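Look for chain A in each of the two complexes below; its partner is chain B in the first and chain C in the second.
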Partner chain A sequence: MTSFLQTLASGILVGGLYGLFSSGLTLIFGITRVINFAHGDFVTLGMFGAVMLFTSLGLSPLLGILPVAVMSFLLGAIVYKVVVRRTLAIRGISAVDAQHGQLVLTLAVSILVSNLLLMAFGPSPRAVQGVLPDVYDVFGVYIAQARLVSFVIALAVFLVLYHFLQRTLYGKAIRATVDDRDMAAMVGIDPNKVYAVSFSVGIMLTGVAGCVLATYYPVTPTTGAGFLIIAFVTVVMGGLGNVVGAFVAGLLVGVIQQLTAIYVAVDLQDVGLFLAFVLVLVLRPQGILAGRGAHA
Partner chain B sequence: MTTIRSALGGSLRSTGVLGPVVLLLVASLPFWLIRTQFVLSVVTLTLIFMAASLGWNVISGFGGQISFGHSIFFGLGAYTSAILQTHYGINAYLALGCGVVLAVVVAVLLGVVTLRLRGIYLALSTFALTLVFAILTGHFEGFTGGEVGLTLPLLGNDPARFAFEDKLAFYYVALVLAAAGFVVTWMVLRSRLGLQLRAVQADQDAARASGVLVFRVKLTGLAISAVPCALAGSVYIQYLGFIDPDSAFGAAVATQIAVIAFVGGAGKLWGPVIGAVLLVPLQQLLNSGLSAYPAGFNLVVYALVVLVILWIEPRGIMSMRWLRRRPGTPAAPQPAAAPDPPPQPVGGSNR
Partner chain C sequence: MKARVSRPVEPAALRVEGLCAAYGSIRALVDVSFELRSGEFAGVLGANGAGKSTLLKAISGLVPPSAGTITLGEVDLLRLAPHEVPGAGIAHVPERRRVFPSLTVADNLALGAYVTPAGVPRSELLDEVYSLFPKLRERTGQLAGSLSGGEQQMLAVGRALMLRPRLLMLDEPSLGLAPVIVEEMFERLAQIHRELDVSILLIEQNATQALEVIERAIVLTTGEVTFRGTRAELMGSDYLERAYLGL
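For the complex of A and B:
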């Protein structure tokens, strides 16, 4: 029983971070209809950012969140302006062709980023060591301080995002664009701005998630592929384009992954995820939280 | 230049002329151009991946249902061949057939789950599934050889068991495979199914409204497209004699098959051919020639080449302006069976 609770706890704690970067992916998809294949690699980039700030400046990843967030926001803006936006600027291209072009372009960005990291840092794993080393004993369930703090940060950042989407003018513009692009444009919302902001915010979320994940998760240049799969499963479970759904599904994905790792085999943890993914596709393709009128 | 333009972008008849010419040219390469074993292996691999990418083009190019996991079928072909031969001593040709059947079965199962949903779900689930296959083949060591992979027994020269001493034989096997893949996709494109797939690609709802059985068409397309990939996988293992989870199901293979077609021109008959001729040699040369550079350099260059090409023209090389007759003409779909069409803008043509 304790072992079950232990698994559950670590699943939820890591799931918060999955939820955070997956909500970035689903936000980007909801707005731009782009599945960002480089998403996992931006998480890796955030992790390397945290590691570099820690090893070179001695900056704790918790303080590193701010510079990493700013950098990843700018990086997201650049990738959007230079790469994603390009496909829309071509004369006579159909919407479908533009979308497929964006898929492959983000895929190329993914290969580029992970291999630039490989060139710069080599294949050996790196980690931030000695930050938040305590372990709490909660009724026999051990909870690492790093995991707990990361989860709290993820939750806090997500709540800020939620508040931003619900209450601010920009957030409302973004939600309006998700619901009906043409109508939003008609009432004076500049779609280009909304696209750029939501893409950048989506990438910023990966940076933040990567930064706090680095406090307990070692990073290699190829870690991104695993995160990408997690994000894919999570956004489909949450319902494509549904930000709250993605966060909740992230928790679920964390738990499923940990349960498979403990009770089946560690190296099969992503297979358990995939089975859950197929079940969702068959039974509830609109997402686990979706009622009627899901963002589709 | 005009002949290249009209041939690559022009009518069906010109593909009928250009196809055999290209085939004869490539078949003659070992006699005057290919001088080293290295070049021979590069061209052989180019043809193998060309075949896989031609298969991909049926569902993802013509049908517009993008897959980032056709390595599933490639890997199933390779692993079925390897496992049946090493564990059960089954004849290589029979094993190849079994691989194709298994790939089609998996394609249908995958299609039943994902093809009723919007196209993006296929992209997500194929990519996830191929990595799951990589994990599974890595896990069940007793059966699949695990992360180390499987090595075929050395048979020397035994054509009855698909083993050739001379690598040149594999070159011609790969050439036949690629040519067959091309002819099959050409036939699909000209068929009723091809027309229906292109209707689905253009507008699924409109296609359904016009009486196209969208789901069945997509499912058939996916099943057909699995066949060349599985065959390519089988030929790949017969040629190299070795397979491991990463080179069968890994993300690199998964994306490679799609990226070849995208760079050449997804949905264009000649797209995978052009893409493979450009990208596979590039990758092989970078892998071997520049080994003095740090790990990852080859893929950085590869990614940059892909980025630049698609940045210039997201629809791939086949849609680039110098290949089109009149620059800037709007994309207009051509009727599938236009009798001997006169020279005209081909922006929306699949040829």
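For the complex of A and C:
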């Protein structure tokens, strides 16, 4: 029983971070319809950001969140301006052709980022050491301080995003643009700016998730590949474009991974994940929260 | 409601000259010219496919014209991106209402005031809209997509008024609504014209209904202006029949 609870707790705690970077991916997709194949690499960049700030300036990843958030937002804005916007702005091509362009271009960004990191830092894992080292014993369930704090931060950042989308005027403008782009323009909302902001915010959330993940998870330049798969599975499970769905599915994915790892085999943890993924696709193709939750 | 504010003399609020627009090889507007004076309530009448909606879309910047000019006061509207047009004081209530379905009534109205000048208090605008359409006040928290067609039309007009526009453009507000609701809607439009300082451009297929409220009209026939004149002139002629029957 304790071992089950232990597994559950680890799954939920890491799942919060999956939920956060997946909500970034689903936000971007829900609003711009762009499938970002470089998404995992922005997790990696957030992690490297945390590691660099820690090793060079001695800055704890908890404080590093701010600079990492700002950098990720700016990076998202640049990638949007330089790469993504071009695929959206072309008139007279079909949505499918535009998506082919996005696939190739975001994949190119992914390859570029991981190889630049490889050139700069080499292939060996790097980690932030000795931050949040405590372990709490909660009725026999051991909870690592780093994991707990990371989870709380992920949840808090997600709630800020949710509040932004639901309650602020700009959040409403974003949702209106998703509903009806031309009508949004007819009330004065600049759809191109909405796209740029949404893309940048999506990347920012992802960078922040990477930053706090670095408190207990070592990073290499290719770490992001695994997170990209997790994010795709999570986003589909949560219902495309559904940010609440993505966060909840993130928790589920974390738990499924941990359960498979403990009760089946560590090497098979992704098999359990894909099994659940297929089940969701068959049973609830609209996502686990279909018809509920906030669609971005 | 606010008393009318007097503005400096504006001979023509909206001036359209030599406007042409096409979708590929389909010519939707051919050399269309007309003027709308400040405070005037004018109609654009014509059969289905005559180019009425295209005219409003061109004014809103959603359809780029191939020739011609559109100016509002001193502003060259063709230089503006679509999202900058509301800032010039033009509110467009498009065909089929197009409320934001996944947002609440209150949020739809809030977005109507997205570019309303900061000095205009939103609460005053909201009161104005709610007193015109009391039904909306009962529905504030409801998702716009769940409203009836009539309520959605009220919301679409209310959302447009939240801009406190100089020019209100309405594209077939009677479309798909029950006759009682249409009657009510046109009474509200007449009231808006009486009480607010706004020019109105109304598009209608339903000419009989439109002639109850408009002061002047143009008739479009396959993209061309085939009639322009006052309501009295229009009622005393057979132009409408010709336009609708395509003779």
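By definition in this document, the second predicted complex is superposed on the first by the 286 of 296 C-alpha atoms of A that agree within 3 Å, B and C clash if a C-alpha of one lies under 4 Å from a C-alpha of the other, contacts with A are read in each partner's own complex, and residues count from 1 in each chain.
As a convention for this text, a residue touches a chain if its C-beta (ideal position, glycine included) is under 8 Å from a C-beta of that chain, and two chains touch if they have at least 3 such contacts.
Quick caveat, the model's predicted, so the values are computed rather than measured.
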Which superposed partner A:L118 touches (first chain B, second chain C, both, neither): first
Contacts of A:V187 with chain B and chain C, given as first, second, both or neither: second
Which superposed partner A:D134 touches (first chain B, second chain C, both, neither): neither
Contacts of A:A173 with chain B and chain C, given as first, second, both or neither: second
Interface residues of chain A shared between complexes with chain B and chain C: none
Touching residues (chain side chain A, partner chain B) in the complex: 35, 37, 83, 86-87, 90-94, 96-98, 100-105, 107-109, 111-112, 114-119, 122-123, 221, 225, 228-229, 232-233, 236, 240, 265, 267-268, 270-271, 274, 277-278, 281-282, 285, 296
Chain C residues touching chain A - in the complex, by the definition given at the top: 60-62, 81-87, 92, 94, 98, 100-103, 107, 110-112, 114-115, 159, 163
Chain B - residues contacting chain A, complex: 64, 66, 68, 113-114, 117-118, 120-121, 123-125, 127-129, 131-132, 135-136, 138-139, 201-202, 251, 255, 258-259, 262, 266, 294-297, 299-300, 302-304, 306-307, 310-311, 313-315, 328-331, 347
List of chain A residues in touch with chain C within their complex: 169, 172-173, 175-176, 178-180, 182-191, 295
